[in-house]
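Each in structure tokens, the structures are laid out below.
Each of the next two complexes has subunit A plus one other chain: subunit B in the first, subunit C in the second.
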Partner chain A sequence: MQIQSENVGQVLVLRLLNSRLDSATAHDFKGKMVDFVLQGHLYLALDLSQVEFMDSSGLSALLSTIKTMQGRGRLVVFGVGRNVAQLFSLTRLDRGVIEIHPDQETALQALNPAD
Partner chain B sequence: MSVADIYQELFEHSPQGMLLIDPQTGVPVDCNQAIVQELGYSREEFCRMRLAQHEILDNDSRIAAGIQQALQTGESRFQSLFRSKAGRSKEFWFTLQIIQAENRNLLLAYCQVASQKQQTMQALQQAWINAQQAHRRLSQELQTMDELQRSIMPAQAYVDQNICAWGIYQPSGLAGGDYFDYLPLPEEGLRCVIADVSGHGARAAFVMAMVRTVFHFQESRALPLSLLLKTLNRQLMQTVGSDGDFVTLLAVDILPGQASLEYVNAGHCPGFFRDESGRMELQATSPLLGVVEDDFQVQTIQLEGSWDLLLYTDGLYECRLQSGDIFGYESFRELCFWLLSQGALDLERLPHEVARAAPELVGFNDDLTSLYVRGALHAKDQEPS
Partner chain C sequence: MTTEKRITLCIPSRHDHVALLGQALQGLLQEKIQDKGELYLLELALCEAAVNCIRHAYADKPGHIVQVEIILGPNELHFRIQDQGSSLSRQKLFQAELQDPEQDLPVQECGRGLGLIQAIMDQVDYSSSSGWNCLWMRKTLLQEKVCKD
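Entry: the complex of A and B
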């Protein structure tokens, strides 16, 4: 799982470069996300625009990261494609569990309210 | 030069170490130049010592074991670490073959110094064998889990005067967490459930067994779906929720006496319902289980005449195409409603129907589970209001 990172203010923007977040990549993704949190990055904006497919293993890894951050920081996602949006919708995670923004700008605004 | 002389020359000048061994004593009867040069002995010195005396032993003598095996089977192959006269250790590959000479059994031994490359190759081969054995054991475990999972799901269709329910589970071989069931309700009607635990392997199978246990408690059958799912959700949050594991689940109570069907869809892919007036999808009514607290509101569909309901897991539409895309929910939905409308739905054949609808299909990567319920409501079945 390749993840490109960029600091924007207090937010770490993470760009997933793989097209699939599934059972083959989920474990690696989860490990890297936990590393970012342990390094002290508590405001994460996850760019999913390259991810064309996510299965239940990928979703589980994402939920695990969100749970890891609960009470300590915040994770939002943006750039969600059609298949992934459908997964969030079918599982009803788009209704308050996963914070979804249309683009990086709005994601950063949500995490940097003072800007 | 006689034939015997030619063979003697071949023996003597072979670049490979060759020796004749007396199997009774393990002492060489004769040897060629190559072996004594490798070990730094004179031929006389070498042929006075038992071969096993040159071995650097970690436990039992491999020479002794190799001789025994050659005597029993006619041949043996092994490797052993030898010490040269100068004290250097050398790894040798041995092949022993039993031959008859001078009215007695002798062992003809070919030996070759194992190079570093050969030793590395040998180590790699051994590692490969170990990995294959471990993989075989793991596959057997997964196979056992698959069989166990299959055995705890209904093997027979449910049939009464109003309802016929039938489900199948086609495992992917990875021990997944799919689950389907149908349980008669205490008063009347049938409770149908389909669920999918995130991930694969022992953990998913364990969570699936938890879900099944909750549904099979006699007390649970009397609970309304909203309360049952609330209880299950809380249990899952306590046990597996912190790791990101979750369960999607669609549970349906079919109540012929009330001419209704009640359902709760906790983040599961929509069920497909069709009756004489049209079709509808049983969309998610709550988030998936194990993640957040929820009230799990029940939705109701009024039943009239004959109807069909298809529940399934996402493996059936998340199958990969050559383009890298997936077959997809919409395509699957249209296929299923078309099959239902034609009265041509056969659960066993559903994956084949998907493959037929998507010729560029690469294959299915997940467990495939589906549950089909058909019902017909007659006026006499309805309780007077």
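Entry: the complex of A and C
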């Protein structure tokens, strides 16, 4: 699982470089995401534009990351492709559980409201 | 003339082999189904079923096999996913549905696999016989998404 990270203000922008977030990769992904949170990065913007396939294990990893934040921070996603959007819609996690933005700019605006 | 096509695939009970099933399915269906969103959902249902075998029937232990039969008819697609591990409760399968986060709190972190399968496929059944468990699924392929042979 490859994740590229970049600090932009108080936000850590994370780019998931794998095309699949599934049962084979979700455990590693979740570990890395939880590490970012435990290191004190509480505002995360996750770029999913490279992800073509996500399954319920990938969803679980995202939800675990949000749970790890315990309301102290926020995780938003952007660059969501059609397949992943279908998964979010089917599971109704796009209704206030996973915060979705169309691009990095709007994701950063949401997490850096003073900018 | 359109004929039924069948393929049987076996993978070891390892998560890093599940994607191979999805890739095989994509290859089988790419000339039949033009809608990439529909292809994704069918791959998702198949992969969730295989993951369910590995995770629950085999308790994530390697050294077992998951056998998948894909039957492609003129207007229908069938999957038969078989394992030799612990059986799934039929009640659990038939009661599986996706949680509505707006109604049900707290939001579950996991356990959406069977609900996704039920939401994607038109018909699902499960049986156990002679040491084999079989999850059967059917999906009608809409005419506008089916290419002429």
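Here is the rule we go by: the second predicted complex is superposed on the first by the 115 of 115 C-alpha atoms of A that agree within 3 Å, B and C clash if a C-alpha of one lies under 4 Å from a C-alpha of the other, contacts with A are read in each partner's own complex, and residues count from 1 in each chain.
Assume a residue touches a chain if its C-beta (ideal position, glycine included) is under 8 Å from a C-beta of that chain, and two chains touch if they have at least 3 such contacts.
All figures in this text were calculated on a predicted structure; none of them were measured in a lab.
Asker: Considering only touches as defined above, state whether A:V51 meets subunit B (first), subunit C (second), both or neither.
Answerer: The answer is neither, since A:V51 touches no partner chain.
Asker: Let me test your reading of the model: by the given contact rule, A:R95 touches which partner, first (subunit B), second (subunit C), both or neither?
Answerer: both
Asker: Looking at A:M69 after the superposition, I want to know if it touches subunit B, subunit C, both of them or none. Which is it: first, second, both, neither?
Answerer: Neither partner.
Asker: Mind working out whether A:S23 is in touch with subunit B, subunit C, both or neither, as first, second, both or neither?
Answerer: both
Asker: For A:S60, using the defined touch cut-off, is the partner it touches subunit B, subunit C, both, or neither? Pick first, second, both or neither.
Answerer: A:S60: touches subunit B and subunit C.
Asker: Based on the superposed arrangement, let me know which partner A:L111 touches: subunit B (first), subunit C (second), both, or neither?
Answerer: In the superposed model, A:L111 contacts neither subunit B nor subunit C.
Asker: Look at A:N83 in the shared chain and tell me whether it touches subunit B only, subunit C only, both, or neither; answer first, second, both or neither.
Answerer: Both partners.
Asker: Touching subunit B and also subunit C: which subunit A residues?
Answerer: Residues 23, 52-53, 55-57, 59-60, 63-64, 67, 83, 86, 90-93, 95-97 of subunit A touch both subunit B and subunit C.
Asker: Touching subunit C in the complex: which residues of subunit A?
Answerer: 20, 22-24, 52-53, 55-57, 59-60, 63-64, 67, 82-83, 86-87, 90-93, 95-97
Asker: Going by the contact rule set out above, which residues of subunit A touch subunit B in the complex?
Answerer: Interface residues on the subunit A side: 19, 23, 26, 30, 52-53, 55-57, 59-65, 67, 83, 86, 89-93, 95-97.
Asker: Using the touch rule from the top, collect the residues of subunit C that touch subunit A in their complex.
Answerer: Subunit C residues touching subunit A: 15-16, 18-19, 22, 36-37, 40-41, 43-44, 47-48, 51, 54-55, 98-102, 107-113, 115-116, 119-120.
Asker: If we count contacts the way the header does, which residues on subunit B are in touch with subunit A in the complex?
Answerer: These residues of subunit B touch subunit A: 196, 198-200, 241-246, 248, 267-270, 284-288, 291-292, 314, 318, 324-326, 328-329, 365-366.
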